[in-house]
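Naming follows writing order (A, B, C and D), and every chain is counted from residue 1.
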Amino acid sequence: ASQVLTCLEDFEKRAKEILPKTVFDYYRSGADGEQTLRDNLAAYSRWRLRPRVLRDVSKVSTSVQVLGAQLVSPVAVGATGFHCMAHPEGELASARACAASGTLMMVSTFSTKSLEDVFKAATGSPCWFQLYVQQDQDATEQLVRRAERAGYTALVLTVDTPYVGRRLDDVRNRFVLPSHLRLCNFKEDDTIHGVGPTQNDSAFALFVKQSLNPSLAWEHVHWLRSITSLPIILKGILTAEDAREAVNYGVDGILVSNHGARQLDGVLSTLDALPEVVAAVSGRIEVYIDGGVQRGTDVLKALALGAQAVFIGRPVLWGLAVNGENGVRQVLELLQDELSLAMAFSGCRTVKEITPDLLTRTSYL
Amino acid sequence: ASQVLTCLEDFEKRAKEILPKTVFDYYRSGADGEQTLRDNLAAYSRWRLRPRVLRDVSKVSTSVQVLGAQLVSPVAVGATGFHCMAHPEGELASARACAASGTLMMVSTFSTKSLEDVFKAATGSPCWFQLYVQQDQDATEQLVRRAERAGYTALVLTVDTPYVGRRLDDVRNRFVLPSHLRLCNFKEDDTIHGVGPTQNDSAFALFVKQSLNPSLAWEHVHWLRSITSLPIILKGILTAEDAREAVNYGVDGILVSNHGARQLDGVLSTLDALPEVVAAVSGRIEVYIDGGVQRGTDVLKALALGAQAVFIGRPVLWGLAVNGENGVRQVLELLQDELSLAMAFSGCRTVKEITPDLLTRTSYL
Amino acid sequence: ASQVLTCLEDFEKRAKEILPKTVFDYYRSGADGEQTLRDNLAAYSRWRLRPRVLRDVSKVSTSVQVLGAQLVSPVAVGATGFHCMAHPEGELASARACAASGTLMMVSTFSTKSLEDVFKAATGSPCWFQLYVQQDQDATEQLVRRAERAGYTALVLTVDTPYVGRRLDDVRNRFVLPSHLRLCNFKEDDTIHGVGPTQNDSAFALFVKQSLNPSLAWEHVHWLRSITSLPIILKGILTAEDAREAVNYGVDGILVSNHGARQLDGVLSTLDALPEVVAAVSGRIEVYIDGGVQRGTDVLKALALGAQAVFIGRPVLWGLAVNGENGVRQVLELLQDELSLAMAFSGCRTVKEITPDLLTRTSYL
Amino acid sequence: ASQVLTCLEDFEKRAKEILPKTVFDYYRSGADGEQTLRDNLAAYSRWRLRPRVLRDVSKVSTSVQVLGAQLVSPVAVGATGFHCMAHPEGELASARACAASGTLMMVSTFSTKSLEDVFKAATGSPCWFQLYVQQDQDATEQLVRRAERAGYTALVLTVDTPYVGRRLDDVRNRFVLPSHLRLCNFKEDDTIHGVGPTQNDSAFALFVKQSLNPSLAWEHVHWLRSITSLPIILKGILTAEDAREAVNYGVDGILVSNHGARQLDGVLSTLDALPEVVAAVSGRIEVYIDGGVQRGTDVLKALALGAQAVFIGRPVLWGLAVNGENGVRQVLELLQDELSLAMAFSGCRTVKEITPDLLTRTSYL
């Protein structure tokens, strides 16, 4: 119990000991053969750092501007559902930890605390709302209005989820949301315990199915652009072609993401997709990345390849499981400290100084 | 026993528990060091998918035309011998499952139910007959005539089997066809239990030896073309040179295959051979592939590289062993579902939309 | 005990059970970290075969001409010392097996039967004598004269052994030649049991040291060329530069070899070195290879890259350990059968038809 | 106990048995995920040797000139702190072993014997002093003056340590310098046991923090150049850009180093960095390397890529742990013997003959 947690892997190991197997598996899993899940991590080890020395690094600032807001660090919290499975305080604890660490939090449509309460817990620290376009367009618009009213500063439209991916452990475990939890952004009778046939799993499946929209298309982006003046970010773009299209549709940012490898196994790792997206966008809008970030040097590499910020998904859940708000805070600060030290060792005093010549691609390993 | 079968590997694991070791080994084995056996699978992981998003994928059709016939899906059943070792109903069960799933079945010369009975079990669903050119040319013609009469819509000439490959487990297990089974496309006194010396294995070896023709050459293709008007497909071509020759000889299709890595170990994986064959043929005839297909994304990759359809060998046998006709059907439908979902996640609503830019080659892994 | 030996690895496993550990280790070991030992094998798996089909392969001939002599197969026995450690009949058994299989045998300077007796055991089948240039030039000339008189048809000068390589297991095992064995090409009082200090290992080390000549240089090739009219082959060349020099010095063949990875760890695998040697020589003299050959397809690959013949070292010792003369014969015939079948499957009816387009280089694995 | 130590890995294994776990871990560890630690070793296996034969190698000289001094071998001892944790005689034993083997020793700022005593123990054999620029510039100048007075012939300024790297095992073990040891280049009340709060670890951390200077910049090189006429070497440069800068600042040598992978995980292996540094410097000053050298062939490869000498860190500590002065001597002589033999097998009689064409880069492994 008193074992020191020295890195994000240590948090995962500890969380595995603490969480029920079905919950841990749900959080950890990737789709099908998990090739992309492994590759999201491995992609970082295919780059080596070329550090510069003898620059005065007594002061290192990790601060960045993201959509005009100044953040303490380029490491932010990505949208993951169901935080209350990891800790009773769920998204509230996560939001408080973000505020305490000066970090941005992206709140999921599928949060187990209401978007309004989560926003309040963040006490003024910036929050973005991750949006799934529902089959019911009015219901979708309601979510947008609530996010606007609550004070969210951006909408993150997830574009890689017309259906739910197949995660084999969840099939084996017959995973369902524990019965005492609610999806708090939906009305009581909308939730998974109130609809569908009597078996829990069908209700859950049915609910998720209705919440996702397989018709999701560029025209929904157009529609969303027309009903809100909040900045819009597309989450889940992996190609130059779609990145160019996104710019044409007037969105404000792209989050290069494969949904933590949970949707289509075999897609490019996000780090492998990043350079083509950055090149296609060529500075016209901001580009972010998520997937497999575990170390300060991972952040450094993503930034050197053109990401403006980096989002982490699972590590937040491990922190939450290990120690609630404090656990999330430890995770965030560990990563910030690692980044800060890695910048110093690389001769980068500001994020601006993190440039592509810091990296060299390996063929080996 | 009530364990969920979530993917084709799960079927293989279950089959391994159920089948006698010698039978499982016979089905599973590749030639010699099994390098190509592993490579047939690994080749698929050397490509990554570049999925396109925000295309309305509420409707996905996996349907394809193969030699003019419309199929529900590009996943078909390849020719494998001895289905009755896996399940008493053998090829009849497989044929019924194909019919139920809207899939094409390729019936082996070495089936343990007669080609006529298998065809009938398929109840009108398309069947192709896989032909070995026997040393006895008249006997070969007889098989062709029976296939024509029965209603088969194509002949698949296997060209990679002038001899039987060496599979070390079979040598170690002294594998022979179980004595209660018959090769039903041969007359009683032709079969392995009726010829040769008294020891079973010699009789079996002798029989197979006589059934295969080491003189097999392009002139046999010429001869076959001259005696039948059925479409002819060459199964077992792995090079551009032979593909061009095949076109010259007027065949209707090429099945890129290394016989499930059972003949010559060290040959190219089929997925690595596919592009050069597709390029050489340049649309003049259809090109198919088999070998190592295990996932919907494997099918997607083969199609993106130019295959018109994909055949599976061993997975059918695992399905058969696990649950007879229903097991085969589950295997086929699992693969179809995976393909359909993978298409949706890739932004492909029809098979036509599966194009080469969906893929990128990796150097790593 | 009655386990079937299906491939050369099986012979190695069996030999390991049979032989004393120090002997097995002596035979098996490579120098230092054994990187090249592993790489000699791995290099073969970096090439894939592109087989041609539909060529009448009812008749396949593996026969080759080597230095003008017709051999049944391109697989010959390479020089390895101390056969009597594996089996009491030692080199006599090996020579008889070669004769029975129609194979050439290369006899080591360090044979434990006299070169004359070994030659007689081969009963007319071609033998080459492997020569170490001793520090004592007269002694060296004596060996040449004896080889000429006995009937050897070529001299193979080993050029990679100015010193003995460090094989760590031998150091750990304090390996010495068992006391009942003699190096039969040396006079009694020359042998390791008759010289040096009282401890066996020093005597052995001292003896080997005196037998090898660290001054070995191109002038010794010149000298050897001047004192004999037998064909001369240089064994142990790994570069184009040295290959060109060898042609200039008027030798008749080059054996691309790294001494079974027993001398300098980290050198190129022999298969990786072969192409540059073949290119440098460009047909002016014959080129052979040894090192890591374990399968028929390995032979095929070496021939496709330009080798005229292939020598095997350790597999002969495993055969000898397992079953004396018969064991060696089984090893040789297994490899010949595998080669013959691999040729058939590749569409090569004669060794001439084995051309470079049969191969493609992999980047993966 | 009487097990033979055949190679440097054997020394590491033995040391692991002998040393307390916290000490062994401290010596062995690399930063964070230890990717670079593994890569420092692996980089050597990405090159293969192309040995030349038939050059008279009866006499091989490993001797080199380093900054004008003639050394018996290009293998020298690199700066590592805290030798007294491995053996009571600490740096004195190491220095004596260097003298006995004709090798140069680089003494760490953090030695546990005073720099004066270590120099004396070396009895005239050349010593370099490794310098950390302290936060207190006067204290730094004092160290320079003491090194000059003592007789050191060069100053090695470590430029990769503005902070201490995170080595996870040390965090887990809460590593501190054992209380009976002193950092003997510092005044009693400077040492880790005399400053800071009562807990040892804080005192240690605080001490190290004060000893390192995060402001370290090119102007310190300028300053150092201005206060001493000793040759200056920069230790820790990994890029062409910094190498060119180093030449501009008038230093006399560059030691390509990543601090044994203990600072920033994910940086290039030193062998991968060497060629660009050598090219950038193009002969104007000397270039050395350290990190992962374990075999004679590693030294050969580093020299072939342009290093003038090679430093070893951990292997010295393993030798020290195993057998004090004699252990270090064994380590040094083993490596020299391996180098000498490797040169002979490569056809290199002098270090000058070790040229780039001796190497070929592999893509595999």
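By our rule, a residue touches a chain if its C-beta (ideal position, glycine included) is under 8 Å from a C-beta of that chain, and two chains touch if they have at least 3 such contacts.
This is a predicted model, so every value here is computed, not measured.
Novice: Check every other chain and keep only those touching both chain A and chain B; list them.
Specialist: Of all the chains present, none is in contact with both chain A and chain B.
Novice: Would the interface of chain B with chain C count as same or different, where same needs over half of all numbers used to appear in both copies?
Specialist: Chain B and chain C contact each other through largely non-matching residue numbers.
Novice: What is the distance in Å between the mean C-alpha positions of chain A and chain C?
Specialist: Comparing mean C-alpha positions, chain C is 60 Å from chain A.
Novice: In whole angstrom, what separates the CA-based centres of chain C and chain D?
Specialist: A distance of 42 Å separates the two centres.
Novice: Counting only residues that touch at least two other chains, what does the list for chain C look like?
Specialist: Within chain C, the residues that touch at least two other chains are 363, 365.
Novice: Going by the contact rule set out above, which residues of chain D touch chain C in the complex?
Specialist: It is residues 3-4, 6-7, 45, 47-58, 295, 297, 301, 338, 341-342, 344-346, 357, 360, 363-365 of chain D that touch chain C.
Novice: Under the stated contact criterion, what part of chain D meets chain A in this complex?
Specialist: Spelled out, the residues of chain D in touch with chain A are 32-33, 35, 39, 42, 46, 159-160, 162-163, 165-166, 168, 171-172, 174, 214-218, 220-221, 234, 236-239, 241-242, 245, 263-269, 272-273, 363, 365.
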